[in-house]
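Structure, as structure tokens:
We just call them A, B, C, D, E, F, G, H, I and J in the order they show up, numbering each chain from 1.
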């Protein structure tokens, strides 16, 4: 499983609309509206780098209202939870 | 449940050591070493704001090797997963 | 009570108009036009995180003239004043 | 009454200690530990610019642990609360 | 007397025009076109904070061509000149 | 007369001390402790570029406590005051 | 052979289209869509500085969708591969 | 002779056109298209500050395609070449 | 094959030494000393994300003299060269 | 001839000393102490990229007092002066 955290800024007043659109996409596990200098953070969990490329460049960045995105691709995961089994059913 | 995403930079060459120390803390659900301008991203899931304050200011920021942290507190979560039930067993 | 400080930039010449519109919103306790790299600072005092999410994403960010906002959500408050009682009457 | 909002960064792991020290100072009405790129936000309420100068340059900036501060001095206040009467008893 | 230094950026090729318009405003003592990352610096000298608020938010920021401004409000003045008498005749 | 505005940051808690030391230097007309992302602003008025070079690089930057300086050299001055006569007596 | 690394940002949702257009240009050896604060990275390998100038300023920067580019021209190459022979056949 | 180095960014794909237009201006000794975060660097050599003000604010900044400029005015020159004689014939 | 571009800054005067040390590491295909705001750029080519994590966090970041690194992990490669075969012999 | 413009910051109070040391180096044609966010600007004129690499990485960056440098390598020169002949006698 390849995990990524995507930091996003969106057009004025579109925070919730963009969050909902992103959360619909296969491979987007969680989306949060957040305080701070970013508007949204998305957690992606996909099968491999190629699936990640398709999800980000062909789907997420085409969602209306996204004005800035920065994808932080995970090298390694450190967790006491068994993330693979929790999230990998029906993985993109 | 209160979710937060914490962006971190650490001292040179301490990425894995700091990641492991953070992942041991109660309330830290996941830690990722990542590409990009940050070194680590931690996903926190705790009971309320007071628990978040204690986790960040009394534990995370005291971990040796952390040189910068930026806590993005979630307003709202958007997900097809039932995050509450997945993560709230034995919640801090 | 959940406190937040929101740093804002507004369109050229709209400082006072935007400040007045924000101060009308329930949950916005104080708005200041300020010197420095930001135009306005708003102090929000609301019941809980969900009320904060609604106030920021569904009301403040939709006010005409806001071009940038950064919400600093308070972990903890430190004060010799009893802020809870001073501000919690008729709390949003 | 002159109001100011001060954005602060502090040395690693000193968030609560510095917040408490600042909240003790006459003229500091509220201090919040916050998420985002700053560590603390202080709300100052003093009699005039000279009192503000003394509070910031002779007291706040000398508190051990403060590494960065940015004082946003308020031009005007916009609020449905009567801030003057609420905060001006025993004003510095 | 309240002194302030305002750092400004203006639309391309409008440096002199905006400088002249600002220098006409009561309370603007001096305007300089400058080298470096800013285009203009204005020195304001007014009676009190309220006059400063009016000058900046109701006049300066409404001058055509101003694209960015950052007002550095003076806490204290240090000078061997007697600035008060030099500039306070016919003070705004 | 050559005018310049110098933006300065100083070591923690040294604002007033550095301001006084700078104001003693010939050619430094005014020094202000200010709100915002800078600590001090100095207004220099000297005879020519060579005097400016000497003042900045051989005196100001050697004052203990200065950690950052940015000299904005004026191209042109725009003012209803006759700055030349006001400041040029005993000019450096 | 002159090597260069070009960091690029592109218009929203145009990552793959711009990458393909750049990869068609003679002298562009490799283009990667990447995570982090940039969208694309191009590796250029050309005969000399003049060829580099033509490639960047007359071709790459004219590709529709490029919004920011930063060309890092290589002083020296350090590699266990014999890059010259690997890439110099049919060099621009 | 007053020397200055001007860092410039220009509209997409206009690097060479803007460079040629700038190099035509009296007082502009050299223009380079460069790698890095700027597009062009111009070296100006003029008689005095007033000539510099006219060249930058009335000519350079009015050239079509310039989107950002930062003028670094020289305090002093250090060179084994006799720049004055090399460049001062027919000086603006 | 997983490709990455790493932007690096190094301690003063250590550019060549650090470049040589990095180029010795298995998985580092090319290192360039470059003009611009970074000192070095390394091109990594490894078998998978796990090999990338080990190379960056356990080897590159431990090289003496590295003061900043930003790893841009490639989603997709676009090239007329057959990079896989050119670089994958004896791949880490 | 390869031209480059190097933007430099130096340790506090060392502007003139570092400028003189740099101007002594073969290949450094001119050094200016400047206003703005940089301290010095050096103009380099050398035979080829390899000479540039040696000058910057083996000599300039080793000069005591240099704390930051950014080398802007010229793609093309645009000038009514014949720079090649003016500067290429005894070229490094």
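Throughout what follows, a residue touches a chain if its C-beta (ideal position, glycine included) is under 8 Å from a C-beta of that chain, and two chains touch if they have at least 3 such contacts.
Labels paired with UniProt names: A, B, C, D, E, F, G, H, I, J = Transcription regulator.
Remember, predicted model here, so these are calculated numbers, not experimental data.
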Mutual neighbours - chains that touch subunit D and subunit G alike = A, B
Task = Please flag the chain sitting at the greatest distance from subunit I, going by CA centroids.
result = E
Remark   = subunit C and subunit I have mean C-alpha positions lying a whole-number Å distance apart equal to 45
Key: For subunit G paired with subunit H, centre-to-centre distance based on mean C-alpha positions, whole Å   = 28
Inquiry  = Where in subunit J do residues touch two or more of the other chains?
reply    = 4, 16, 33, 35-37, 53, 57, 70-73, 75-76
Key: Chains grouped in pairs wherever the two touch, ordered by label   = A-B, A-C, A-D, A-G, A-I, B-C, B-D, B-G, B-I, C-D, C-E, C-F, D-E, D-F, E-F, E-H, E-J, F-H, F-J, G-H, G-I, G-J, H-I, H-J, I-J
Task = Going by the contact rule at the top, pick out the subunit B residues touching subunit D in the complex.
result = 4, 53, 57-58, 61-62, 66-67, 70-73
Inquiry  = Which stretch or stretches of subunit D touch subunit A in the complex?
reply    = 35-37
List of subunit I residues in touch with subunit J within their complex = 12-13, 15-16, 33, 35-37
Ask   = Once bound in the complex, which stretches of subunit F touch subunit H?
value = 2, 49-50, 52-53, 56-57, 73, 75-76
Query = In the complex formed with subunit C, which residues of subunit D make contact?
reply = 3-5, 7, 16, 19-20, 22-24, 29-38, 41, 43, 70-81, 83, 86-87
